[in-house]
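What follows is a set of structures to go through.
Next come two complexes built around chain A: one with chain B, the other with chain C.
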Partner chain A sequence: MTPMNFPLPNVVPLIPEMFVAVMAMVVLMWDLFLPKERKHWNGYLAIVTCIVAGVLTMNVATAESVSAFYGFFVLDPFAAYAKLLIYAGTALAIIISLDYMKDEFGVGEYYTLMLFGMLGMMLMASAPNFVTMYLGLELMALCTYVLVGFQRDVLRSSEASLKYFILGSLASGILLYGISFLYGVTGSFDFAEVGAGLAHSGSGARFAVLLGLVFVVSGLAFKISMAPFHMWTPDAYEGAPTPVTAYMSVAPKVAGFVILIRVLADALPSLQVEYVTIFTWMAVLTMAVGNLAAIAQRNIKRMLAYSTIGHVGFIILGVIAGNVAGYAGVLVYMTVYLFMNMGIFAVIVLMRRDGIQGELLDDFAGLAKVRPGYALAMGLYLFSLAGIPFLGGFWAKYVVFIAVIEAGHLYLAIIALVFAVVGAFYYLRVVKYIYFDDKRVDFNFVENRLMQATVVVTAIAVVAIGIYPDPVINICKAAVSGII
Partner chain B sequence: MIELGFFYLFSGLAVVSALGVVLSRNTVHSVISLIFCFFNAAALFFLLDAEFIGIILILVYVGAVMVLFMFVVMMLEVNFAGLREGMLQYLPVGGLVALVLFIEIVAAAGSGVFSPTGIPDPGHAAQHVNNTVEIGKLLYTKYLLGFEIAAIVLLVALVGAVVLTLRVRKDAKYQNISKQVNVNPDDRMRKVKM
Partner chain C sequence: MMELNNVLGFPILTWSIFLPTLGALFIWLFIRNESAVRWATLGVTVVTFLLTLLLWKYFDNSTAHMQFEEFHPWIEAFNVNYRLGIDGISMPFILLTSLLTVICIVSAWDCIKTRVKEYMLAFLILETTLIGVFASLDAILFYFFWEAMLIPMFLIIGVWGGKNRVYATIKFFLYTLGGSVLMLVALLAMYFKAGHTFDIQALMAYPFDFDWQFWIWIGFFVAFAVKVPMWPVHTWLPDAHTEAPTAGSVILAGILLKMGAYGFLRFSLPICPDASQYFVPFIVVLSLVAVVYISLVAMMQTDMKRLIAYSSIAHMGFVTLGTFMFTQQALEGAIFGMISHGFVAAALFLCVGVLYDRMHTREIGDYGGVANVMPVFAAVMLLFCMANVALPGASAFVAEIMVLAGTFSADQLYEMVISSKWVAVMAAISVVLSACYTLWMYKRVVMGDLVKDKVKAMPDMSMRELGFFAPLIVLVLWLGLYPLPVLDVIHVSVTHLIEQATTTKLHAAQALAQAEMLQHAVIH
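Here is the complex of A and B:
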């Protein structure tokens, strides 16, 4: 056999990924040498990993798109911005975990899985072809399945994990089957090549292409919990440990939306009419399911699950718009959503009492009299989620609604507005519990400086973006300008 | 012509054995049907000159995964009859979905893209081409990133399996061997003056 010449791929754009992968393994090993009372140091190490990864990403990212590993990886401003959101979402979820997880068995593995899940999301955000996309997706999904079932002694947690696992595997199978059709027609996994191949494919291939489109869209819609593929969301959110719910509710959604935009804009642009029709129906259904079902919930984690579904319905309007404003709107929405949701989950975990977190809506009654600071923060998050003007959530909705009107779907914006008003009801109901009801149960707060700082920072961010949204909107517009 | 005959033989047997997996009442029979199905799929890979993938399918899936399946089926004694009870109830909806999917797939497959003219027959590779070498070359060059991510996915699967199954029971009584070895005779025996 003749010796072969392997060209060394350009690894510079992957430095953040390699760093996170190494650090995840370091956490896994370091855990073995830590005495039991210092296990939470792993959490600090994981937070530092997220921050350093952010610095590295800022340093290796360039204004133009850089491709590496034979076109299996791409780093452009879009991916870089999405990764910063993913780091922030993961770091905040880890901060929320520090106190919650301190008595659990296997804390080191917990943070390892969080970091590996983050690695999967980073790869999804940077995937220019179906191979990297699928592997990143599975890496992320596998970590979340385990994290949801982490409290094995809690029946609810195991049940949620198993449901999520089975439905998630089915969705992955459907996604793969769809990819196989697109591959069969175009002979490539690369998004750009698939796009070019589909544009030239004759009418004979149309049925196979449509079947591929429907399967791929269904598989991805599952991951971002769009109706009618949302069934797993409430159960998984409720059963998972609260910090894991916080983790699942933002960062994987960012990665899911980024990959959805990439697939639609790069691989399937010739099918825009078809996918806009599919997404229009799904968006209306998602908004309806999310906002109407949330009204009936008494458990705040279940309520927030349906709230996530409702917000996904709003965010998808930006994808339907399909222009720079729409895609930028998706990023703006995810940025604001990150702060609102992480803040709410931080307060929920802070309200831990005897191992039971403030999970029922009743538990929030009278919070304003005991802890006015938390009550104020909760009020800000909830008003922002409801989309009250001059808080972050208002501008998030404003940007996507304007984008979808610009794209010529005025009726969609009107439907969304109606559901936003319906949604305001159940958010404001929680505010009513906090401010106008009397205390029903005794509070027993967790005193944790980092978590309290999280509440302060997220609340300030929600207000700041609400008062002065231009920088965020401009950064997001600059980030997506390269992909269309 | 002989090749076509073998193709229909193996794919027909694969379909029949796949039906056997779903329909047989005895779970051990199901597992054996699945093993047979994998053998036929491996034979189809051999027909395509992909002998490495065919052998890997037999070694990994039949040799490891299916043996594990067999262990699980035999050791857990899951009540599959109970699981089947709702079958008639779900049959109309499930059957409808299956029918629609079947029609769609037939239509997609019959639309001409996947016909011999759409995808030309690659023919047979030359005798000296080594499948294993070619896959190795591709895996460590073009598909290196995917290969590495797959390695991390495996690591996560390993860690996840341990996390979900390993539990230290606080109420269990363990032997502390170093304590047993280091025990001093004076601690165990007391001489009493009579």
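Here is the complex of A and C:
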């Protein structure tokens, strides 16, 4: 009897995913054996998990695209770079959580959920077909719903969680519905095969194809909070515990943009004219909603939610450009955005004082006189978010604008720059509170070395990228060169 | 690798730009004591000034080529380079910057009592960005410094300014940012048109057709007009000037306004010569409005700083007028006027600062008879008021007479809707008007009887105050009596600039378009 040929799937590209899944469960189990006052050890373990996952990803990633599990998983430089951003975003969010969790609830499931959410994002980044994409998306989303409502005694938190859950489920449904149309026309879930099928689909299927496009785009637009699907963002940001807001603001966006680029570039290239039109309108709307609504906010978390929406409007320009420079611009933007946003959230959490977090803009009044270091860091982040040079945010805007101009959409760049000026106003207003105003309430800072180190590192990164962005731009260009 | 023209064996421009930043880093990290911070800042700025003096010493007057050049790749993905170099147009501004910064530091010695260290750091960073603007030969590098300047200036006005400082500084920031982003669009658009380059000299050489020049010119115009500022986008300036601390006003009037006019000289004229010619009537009208209308507005001000701010707008109107006359005389007069105004306006703001430190009010009505208690100050202020009026013997006289004469003779070069002779006559009215508002202010503040008790108690100027006026007095008189050293420096570069600005690019653009069409036809 000849031995049966039983091929083992190539699991090497999935080693980081498997590692993170195992570690998430280890964290969950270990939590049972940890005494209450040492629960934060779980946090350290989760941070180590992120770092080791990063090392593993760098080791298994190759310059070529590697596929595994019969085309259900792909690891290319694009996915690898996105995963590094996701690890960094998650690790920084966990660092920000360490102290917060100790007082607030001290539950180990928190870190498990963060790691499983991260696993979902990793799957999204590596998804070559709609099934993997949907699995990753839901894993991430379900973890985030729970995390947003983690302070279950706080009405605001529960309300935000419920809103997010209902709207998120609706968006997932819309996404699935859209996928079903594309599947119906092409008979495949694989991005490349869908792309080939759509290119050859006759005019009879056009209506179904367009419906599929619109639903898929709407579903994904919800995840990256593009207007008019942004409604959940301000509520979820405000209601969630601040570290969770930090977690939601960067890593899921990275995953969302990566999967959006993959879907558009691989599955829907034949509909480029149509989706560029859709995204152009949505981008203008997103920039308008984000930047104008942020002006009216008094709560910094809510303001940052609208600021995120505004930035998503800028980032989407890179997707509209649809060239190497544009997709690289998306990654550059996300890289810079990671440092700016995580830094701001770290300072917000550091300013927390019993019960009342440093959440209102008023709470920042006079920070420069009490803690010039934090004030300087905040100033750097805010000017960077406004896109002023010698800070990273300038180059982030620069790369997407130059890409969109290269693609021939000069008017979009002009509109975006006008909104960038509008956006500068509300960032300046925070600087005004920090630097120009006198102290109104007493500060009571959390002293945590790891968090302070986060502030220092992110501030230095923002300045360093601002002065010499060449390495970041080159890495991002190399990362996306394979997908077009 | 291109041939770099640098007679000095070391990167002097890089040192001039980044020495203040290095000093700022050192002071930030290692110096705690306030008085040590002051002395260290003064030391850094003086060394920077001495360094820039080397530029003057080794500058070659006989060529319009860029000098002291440096080149390093910066962002290769977008062909953005760290390219520095100066010609006769930019060199005087670098010296002006480094000198005025020293004066600012000395003038702030005692008046700034809160957050001294941050103040000094902000000024050092500001100096870096200002020198960087004038030394850049890469458009993105230029934009980088141009925008980075906003951060320290925003903080200087907002933290150490007067009562209404928050409004003033946010207005300043948003106006300038709003103007500059259109320049960025113009730069990015040119990048793709001109074959993926941001090199300013390559852009000067590239033949843009008229439509391109038209839109690029408008993009630049918005950025530079806000900065100059030209009527009607000048409204940020009176607020910013009034609320800024004295040294902030000095830098604003002395250098920031010049950045706008410098932009016209460096970008608009050579890159869009045909569009510049096309827009001459437009610029002339705006300049005349600035010169005449703003002078009238200045007359009605009750706040000294506001009055000088409006006077600055009027004087910059002269500069923009001279810039777009395309005659050697007018253009040299415009540049000379900027340098002269840098000293005179700075000195006038310092005069107001001296009064403000004693009385803590800028209202003209609160003073009167100051000459009785502060005779030395009265003499100094009289000198600078006369210089502001452009009395012969002061540097401003040389500038204004050159602009007027150059405008008067511009007819042969350029046809306008109305004769440029009439433009010159109307501009000349402003000389009378500037005498009205300046001398009237002087009369109300310094002369008259000593009736107010508070004024009676004012001590005369200290040695420190005299110390920072001394170089300004010397320079204003020296440039007024013997302007040749400065004119020699700018002469050849201006000749070259006029040649660029009066040579049409349209023929070359047409030839290029035809060649491209031919190539296109061959391919298909």
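What we mean here is this: the second predicted complex is superposed on the first by the 475 of 484 C-alpha atoms of A that agree within 3 Å, B and C clash if a C-alpha of one lies under 4 Å from a C-alpha of the other, contacts with A are read in each partner's own complex, and residues count from 1 in each chain.
The rule we apply is simple: a contact is a pair of C-beta atoms (placed from the backbone, for glycine too) under 8 Å apart; a residue touches a chain by one contact, two chains touch by 3 or more.
Quick caveat: nothing in here was measured; it's all calculated off a predicted structure.
Model built by superposing both complexes on chain A: chain B and chain C fit together without a clash.
Of the two partner chains placed around the shared chain by superposition, neither chain B nor chain C is touched by A:Tyr275.
The partner of chain A that touches more of its residues, comparing chain B with chain C, is B.
Contacts of A:Val185 after superposition on the shared chain: chain B is touched, whereas chain C is not. In the superposition on chain A, A:Tyr306 contacts neither chain B nor chain C. With both structures placed on the common chain, the touch criterion links A:Val146 to chain B but leaves chain C unconnected.
For the combined arrangement built by superposing the two complexes, chain A sits at the apex of an angle of 150 degrees to chain B and chain C, based on C-alpha centres and given in steps of 10.
Contact with chain B, but none with chain C, is seen for A:Phe207 once the two complexes are overlaid on the shared chain.
Once chain A of one complex is fitted onto chain A of the other, the partner contacts of A:Lys432 are limited to chain C, with no touch recorded for chain B. Contacts of A:Phe165 after superposition on the shared chain: neither chain B nor chain C is touched. Shared-chain residue A:Tyr247: touches no atom of chain B or chain C. Superposed on chain A, the gap between chain B and chain C at their nearest CA atoms measures out to 38 angstrom in whole units. If you check the complex, the residues on chain A that touch chain C are 325, 368-369, 372, 379, 383, 388-390, 394-395, 401-402, 405-406, 410, 413-414, 417-418, 420-421, 424-425, 428-429, 431-432, 435-436, 468-470, 473-474, 477. The touching residues of chain A, counted against chain B in their complex, run 1, 4, 6-7, 9, 14, 21, 25, 28, 69-70, 72-73, 105-106, 109-110, 112-113, 116, 119, 123, 131-132, 135-136, 138-139, 142-143, 145-146, 149-150, 152-153, 161, 181, 184-185, 187, 201, 204-208, 211. Against chain A, the residues of chain B that register as touching in their complex are 104-105, 107-109, 111-114, 118-119, 133, 137, 140-146, 149-150, 152-153, 155-157, 159-160, 162-164, 166-168.
Taken in their complex, chain C has these residues touching chain A: 74-78, 115, 118, 143-145, 147-148, 150-151, 154-155, 158-159, 165-166, 169-170, 173-174, 177-178, 181-182, 184-185, 188-189, 191-192.
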